[in-house]
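Take a look at these structures.
After this come two complexes, each holding subunit A, first together with subunit B and then together with subunit C.
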Partner chain A sequence: MKVVVCVKQVAALGDEVEFTADGRDVDPDFLEHALNEWDAYSTEAALRIREALGSGEVVAVTVGGGKTEAVLRRCLAMGADRGVRIESPAADPFAIARALASVVERERPELVLCGVQSSDSVQAATGAALAGLLDLPCVAVVTKVDVGGDGRGSAHRELEGGLLDVVDFDLPAVLTIQTGINEPRYATLRAIKQAEQQEIEVLSCPAGEPAYSVRRMFVPVRGEGAEMLSGSPAQIAARIAEIVNERLA
Partner chain B sequence: MSVLVVAEHLRGKLRDVTRELVTAAGELPGPVAVAVIAKDPAAFDVRLAGVDEIVHVAVDCEEFESDVYRAALEALIRERRPGVTLLGFTVNSMGYAPAVAAKLGLGFASDVHGLAQSGDAVVATRSFYGAKVQAEVDFPGREQVVLLLRPTVWPQAENGGGASTTSLPVPAGASRARHRSFEEQPPGDVDITTADFLLSVGRGVEDKDSLPELAALAEKMGAVLSVSRPLVDAGWMPSARQVGQSGKTVKPKVYLALGISGAVQHLAGMKTSGTIIAVNTDPEAAIFGTAHYGAVADLFDVAEELDKLY
Partner chain C sequence: MPRDPKHDILFEPIKIGPKTMKNRFYQIPHCNGYGSEKPFNQAYFRAMKAEGGYGAVCTEYCSISPESDDTHRISARLWDDDDVKNLGLMCDMVHEQGALTAAELWYGGPHAPCMESRAVPRGPSQIPSDFEHLTYCKEMDKDDIRAVQKMYVDAAKRARRAGFDIVYVYGSHSYLPQQFLTPYYNKRTDEYGGSIENRARFWRETIEQVKEAVGDDTAIAVRMSTDMFMGEAGTQLERDCLPFVELVDELVDVWDINVSGISEWGEDATPSRFYPAGRLLPWQAAVKAVSKKPVLGVGRFTNPDMMADAIRAGQLDIIATCRPSIADPFLPMKIDEGRLDDIRECIGCNVCISRWEIGGPPIICTQNATAGEEYRRGWHPEKFTHAENSDNDVLIVGAGPAGMECAMVLGKRGMRRVHLVEAEAELGGGMRWIPQLPGLGEWARVVNYRKIQLDKLKNVEVISGTRLDAKGIAEYGAEIVIVATGSYWATNGLNGCTHDTVPGADAALPYCLTPEQIMDEGKPVPGSRVVIVDNDGYFMGISLAERLALEGKKVTLMTHLGHVAPYMHFTLEAPNQHRKLHKLGIETVTYHQPSRIEEGRLVATHVYDEEGHERSFDADAVVLVTQRRSNEALFRQLKDETGLDALRAEGVEALYRVGDCVAPRLIADAVFDGHRLAREIDSDDPETPLPFKRERHVVSAAV
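Now for the complex of A and B:
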C-alpha cells in the first residue's frame, strides 16, 4: 500500500515578538521551526501501516522553501521511503492543499495522511481541502485506523468530549490524524545521518489565490487577565494555599 | 450579505454551537438562514431569535457522514449563494466544510473568534503562532466566504422568531465514509467533573516519573488530579482525567493549573471554573489571560513549597 504523508514545518514564537514592516506577519527572526506535532503522529501511523501490511511505500510531502526540507529529513530518518518538497510560497491551507493535490494525483496512493491541524495556524483544514479538491473521502480527527488489502478501512474519530465515532471508509481516502494515536518513534543517529544523504525531489507549484489575506497582526490585549503573584516560590505557594483555603471554605 | 448558518446535531440533539452561530450571524447585516442537514430535519427546532428562514435538507444518514454533508453544503451554497456561511469549529465541520470551500474556490478561515464588517466585506479575527498573536483576516475578491467559528465565544441565541421553513432537495450520492457506531471512552477511577478542587498538570511536567509526587501533593491538598492533553497523548494518564474539548468540561470551585500553557482546547474545558490559579514559567502563556491568579514560576519549585504547607 502506498501512503502519502503531508507534513508541515511549523513556526513557534519565543518570548518576544516583533512584526514585519507591513504589520501583516511576525518578523521571521522571532520564529523557531520544527516538524508539526500532529505530523509526527501521522508519519508514525503511515510507517505502522506499511509495517503491518509487510509491504508498501511511505512518501512524505511538504510545501515550502528549501529550509522546510528539514522536516522531510526527519520523516526519512523515521523510516519514510521518499521525500518530496513542493517549492511554493503558499501559506494558507487551500493553497497548500492545491500544491499537495498535484503530488497526490501523480502518486495515486491508497491513503493520504495529514495532521489534524498545524500548531502555528490551527485551521484544521488542509486535509479536508485536499479531499475536496481530489474528490476523495475524508475521515477527520482519527485516533485509530485499520486498513486491509480489500480497499476498505475503519477508523475512530475523536469527537468533542472524547466520544468516538467509528467509521468505515473506502480507499483511496484522506485521513487527518490526531495526537496520541501512537507513540512516534525516535530516529537512530545512523538513520538521521542516512537521511541527510537522501535525495529529496523538488517540484514547484504556483500558490494561486489564497483562502484569506491578513490585514494586520497584533499582540492581543489580555483584558483583565490574571492578578500576578510575585515573590519566591515559598511566597507564591503561601498565597496559593491562602486563596485555595478561602475559596473552598 | 446574506448569512447561512449550518446547524449541528449529535445523537438526536441540537448542539449548543448552533445557537452561538445564530448570535454571531446577527452581528452581520443581511437575512439569516439556518440549514438543518439531517435524516429528519424537522426533529431539530431551530426557531431562534434572529433567524429569518429555516432550510431543511433531508439526507439519508442519521449521524454525520462527511460525503453526505459535503454534497448538502455544496448544494446549499450553489443554490442559495450566501455571502457568508457559518459553521462551528468542531470535529465534524473540520471533516467537510474545508472540502466544499476549497472545491468551490471560496474564502475560508477557521477557529474564528471575532467577526466584524468593513464596508461590504467581512473581517474575521483569529489567532496564530500558539495563540500568542492575533490577526484580522479578510477575503479580497471573494463573494462567498465559509467561516468556522470557535465554540463558546458567542452567547447562545434564545428561542423565538417567526422563521419560515423551506426545503432543499439534495440528490443522494455515495457515502464513502460511513458512521458505524459510537463508542464511549472507558470511565475512569475518578470523576473529575464533580470535584470541588482540581490540581491540574500539563506539559510542564516533562517527565512521567514526576507524576507520583504531584499526585501525592493533590491528595495532601484535598484536590483531585487532572491533566491536559499532552499527558494523555503520551500515555502517562488515562483520558478520564483529561480536561478540555476532547476530554471533560469541568467547573470546580478551584482549578490550580501547574505547567499548563492554556491551549484553546484546554481553556474551553475549564474557563468557567470558580477560581483559576495558574503557575507557568512562560510569562506569555495564554492561560494567564483566563486565570484569576497567576505566577511565573517553575511548577516543581511551587509544588515543593506547597507540599511543606499541607
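Now for the complex of A and C:
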C-alpha cells in the first residue's frame, strides 16, 4: 500500500519576538523550526501501516522552500521511503492543499495522512481542503486506524465528552491524524546520517490565488482590569479566595 | 528577556559606611578550601561571583593570628604581609568586576585547635570547646584582652592594605566576640562578664578600636548570631542581641545577622531536609527594626520574588547568599537578564559544607561541577569552548545526573548531535526517586535544571523510554558512545565491613529489600518490624528508616560504624536527623554487623566482640543498604563481548563511561564526572582527566 504523508515545517516563537519591516510577519530571526508535532504521529501511523501489511511505500511530502527539507529528512530518518518537496510560495491552507493535490494525483496512493492541524497556524483546514480538491472521503481527528488489503478501512474519531465515532471508509481516502494515536519512533544517528544523503525530489507548483492575506501582525496591547497578585503562595491563595467569594456574593 | 520590574529593587545601589555597593547581592563569607595559601584558586573562585553580578564578595573566615589556627579546617589568614599579597590578588580581581570585597576577621578562642601553629588560643573562660574535641583555651586576663584586640586592629590594617572595602568583627558561630557575649562561654566575674553591658564590653571595645584604625575609608561589618537555641545559656535575641545592636549601632556600617553557634551551625546553614529558604528572616527583621544601619543575611535564597519581597517588607536591605552563590555564581546576572529558568538552584544538600567539615579538601557542589575548578581546571560555569571534534555525533546511554550533565555540556560545546537515550520513561536515574525520600524534595532540582537546559539545546535530543542493548548501541550511528547507566544497591548484603555477602541476604526473597525496590519498584515491606542494615553511612539508610517509621513500622537502624549516618555530621544534617530518629522511636544499633538473615529475624554480632556472641533481632523485613555496585553490564558487553574492533567497524571511534557506572559515589561526583568528560572530550585521552594546576612550592635549586 502506498501512503502519502503531508508534513509541515512549523515555526515556534523563542523568548522574544520582533516583526518584519512591513509588519505582516514575524522576523524569521526570532523563529525556531521543527517538524509539526501532529505530523510525527501521522508519519508513524503510515510506517506502521506499511509494516503491518509487510509491503508498501511511504512518501513524505511538504510544501515550502529548501530549508523545509529538514522535516522530510526527519521523516526519512524515521523510515519513510521517499521525500518530495513542492517549491511554492503558497502560505494559506487552500493554496497548500492545491500544491499537495498535484502530487497526490501523480502518486495515486491508497491513503493520504495529514496531521489534524499545525502548531503554528492552527487552522485544521489543509487535510479537509485536500480531500475536497481530490474528491476523496475524509475522516478527521483520527485516533485509531486499520486498513486491510480489501480497499476498505476503519478509523476511530475522537468526539467531545469521551465519545468515540467508529467510521468505515473506502480507499483511497484522506485521514487527519490526532496526536497520541501512537508513540512516534525516534531516529537513530545512523538513520539521520543516511537520510541526509537521500535524494529529495523537488517539484514546483504555482501558488494560485491566495485564499486570504495577512494585513498586520502585532502583539495585542495589554488590556485594563487585570489584577496582578503578589506575595507568598498563602497570601495569593487567600486573595484568590476573597475574589471568588466577592464574585459569588 | 528584560529584567522583571518587580526585581528592580534588587539592583538599587546601597551605601555601606564609606562604600557604595552597586546592587543588593552579597556573597556572604564562606569557605572554599583555598584560604590565603592557594591565592590563585581563591581569587579566581571569588572573582567568578563578581563576574556573575555580585555587588560584594567576602573571604571565608579570616584568621587574625596564629593563635586562631583552625587547621585541619582551612581558613583565610591575615597574619603577615605575605598574606596581604595573597589576598590582595582576590581584591584586585573582584574589583576589576566592579564589586566590593570583605574580609571576615576571625579569632576562634577555644574552638581553634592550632594544630599547625601549636599556639595557645585565648578565651573568656577556660572551658573546652563544644565543637573541637580536646581543645582548650587560656583564660584571658586584661593584658590578654588588650593583646587580642590589638590583633584585630593590626589585621584590619592589613586587610585595608590588601584592598578590602569591608572588614568584619565576626562573632557569629560562637567565635571570640560572641563568646564574651554568651553566658555559655563567658563565666567571668570581672567587668567583661555578668551583665549585658559587661558581656558586650569586649566586642564593643574591639569594634571601637577597629573603627578608629580603619573606619575612615573602610566599612565595618558585624556578624552576630541572634539565637543559639540553648535557652538561658546561649545568646538570646531580646536579652542580648537587640540591646547589643542599640549599644554599638553607631559604630557599625552593616549588620550581618544569622542564628546558631558553631556546634549546631546547621541551624544557620540549613539543609533543605529541614528548612525552607528564608528561615532566618524573623531574626533578621527583628534587628532591622532596631538598627539604623543596613542589615544583610543569608536564607538560601534562590527565588528572586522572595528576595525582593524580603527587601520590600523591611526584613533585609541586602540579600546575602552562600550556597546559592556556589551553585550559581551568575544568580544576580540571570535575574537581571530575566533568565530565571537558567538559574542553577542550590538543593541544600550541604556537600559543599561537608568538605570544610572534613578539613582540607577543596569545595564541591552537587549542582555546579565548576565550583572550585575556576583556576585549577580553568572551568567557567557559563562559558564553553567549541569542541575540536564537534563534527562527531555522541550517544549517551542513561539519563541520570552524570549522563544529563555530560549531554548538556557536550551540547553547549557544540557537538554536531548528542542523543541522550534513557530506558525509563522519566529522566533522572536514581534521582527519579531519591527526592521522594522524606525532606529531599528540593534535590529534584538536579534533574529539573538539566531537563530545562537540555530542552533548549538544538543539537541535543533526549529519547526516553528506550532501552538500548549492545547491538543497538553499536549500530546506533554515533562516533562517540558514553555509557552512564548508574548503580544499584547490592541485593546480597555485600558490604565494606566484612567485604563479603551476608548469609541469607537475597533481595529476591519477599522479606529482603533494597532501597530501589522500596522506592522505585513498589515492593511491599512485609510485617511491622523492620531492620535496616546500613553499611553506607550517608543519607539512604537513615532516610528509609524515617520513611518506614512514618508508615508505622517499628524500625531498627543497624550499622557496623560507631555512629549512624556519620557523613551527615559533615553536611550538618546529623543533629536534627537524630532528633527525628528519637521522636519516631527508631532504635539505633551501632558497631553491629549481621552474621545471617533468616525469615523473621536477623542475627548480628558486635564488631569488636572477639568471641562473636550473637544477638537476635526480630525482623519481618530487612532492608539492605550495604553498598552499591556499578551497573556496568552494558559497558562490559560493549568493551569485552562486542569489542572495540567490532565497534570501530560500525563507526564507533570511542567508548567511555561516566558517573556511578564507573564507581558509585556522591551525586556531586557523578555530575562532576559527566561534566569532566564533556569538558575534555577533545583532549588526547578523554578517559584520563587532564592534570589540574596545583598551587605549591616547587624546589627550584638543590637544598
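Going forward, the second predicted complex is superposed on the first by the 220 of 249 C-alpha atoms of A that agree within 3 Å, B and C clash if a C-alpha of one lies under 4 Å from a C-alpha of the other, contacts with A are read in each partner's own complex, and residues count from 1 in each chain.
Going forward, a contact is a pair of C-beta atoms (placed from the backbone, for glycine too) under 8 Å apart; a residue touches a chain by one contact, two chains touch by 3 or more.
Since we're looking at a predicted model, the values are computed, not measured.
Novice: Taking the superposition on A as described, I'd like to know which of subunit B and subunit C A:Asp15 touches: first, second, both or neither.
Specialist: In the superposed model, A:Asp15 contacts both subunit B and subunit C.
Novice: I'd like to know which partner A:Thr188 touches here: subunit B for first, subunit C for second, both or neither.
Specialist: Second partner only.
Novice: More residues of subunit A in touch with subunit C or with subunit B?
Specialist: Looking at subunit B versus subunit C, the one contacting more residues of subunit A is B.
Novice: Once the shared chain is lined up, is A:Arg216 touching subunit B (first), subunit C (second), both, or neither of them?
Specialist: first
Novice: Applying the touch criterion given at the start, work out whether A:Val167 contacts subunit B, subunit C, both or neither, answering first, second, both or neither.
Specialist: Touch status of A:Val167: first partner only.
Novice: Under the contact definition given at the top, report the residues of subunit A touching subunit B in one complex and subunit C in the other.
Specialist: 15, 183, 230
Novice: Quick check: in the complex, which residue numbers of subunit A touch subunit C?
Specialist: So the residues of subunit A touching subunit C come out as 15-16, 32, 183, 186, 188-193, 230-232.
Novice: In the complex of these two chains, what residues of subunit A are touching subunit B?
Specialist: Against subunit B, subunit A makes touches at 11-13, 15, 17, 24, 26, 31, 92-94, 97-98, 116, 119-133, 135, 137-141, 154, 156-170, 173, 176, 178-180, 183, 209, 211-220, 222-223, 225-230, 233-234, 236-241, 243-244, 247-248.
Novice: Residues of subunit C touching subunit A in their complex?
Specialist: By the definition above, subunit C touches subunit A via 1, 6, 305, 309, 393, 395, 417, 419, 421, 458, 461, 463, 465-466, 475-478, 651.
Novice: Which residues of subunit B touch subunit A once you look at their complex with the stated criterion?
Specialist: Its residues touching subunit A are 10, 63-64, 66-67, 70, 89-92, 94-103, 105-111, 123-124, 127-130, 132-141, 148, 176-185, 196-197, 221-222, 229-230, 232-235, 239, 242, 245-249, 253-254, 256, 264, 274-279, 282-284, 288-298, 301-302, 304-306, 308-310.
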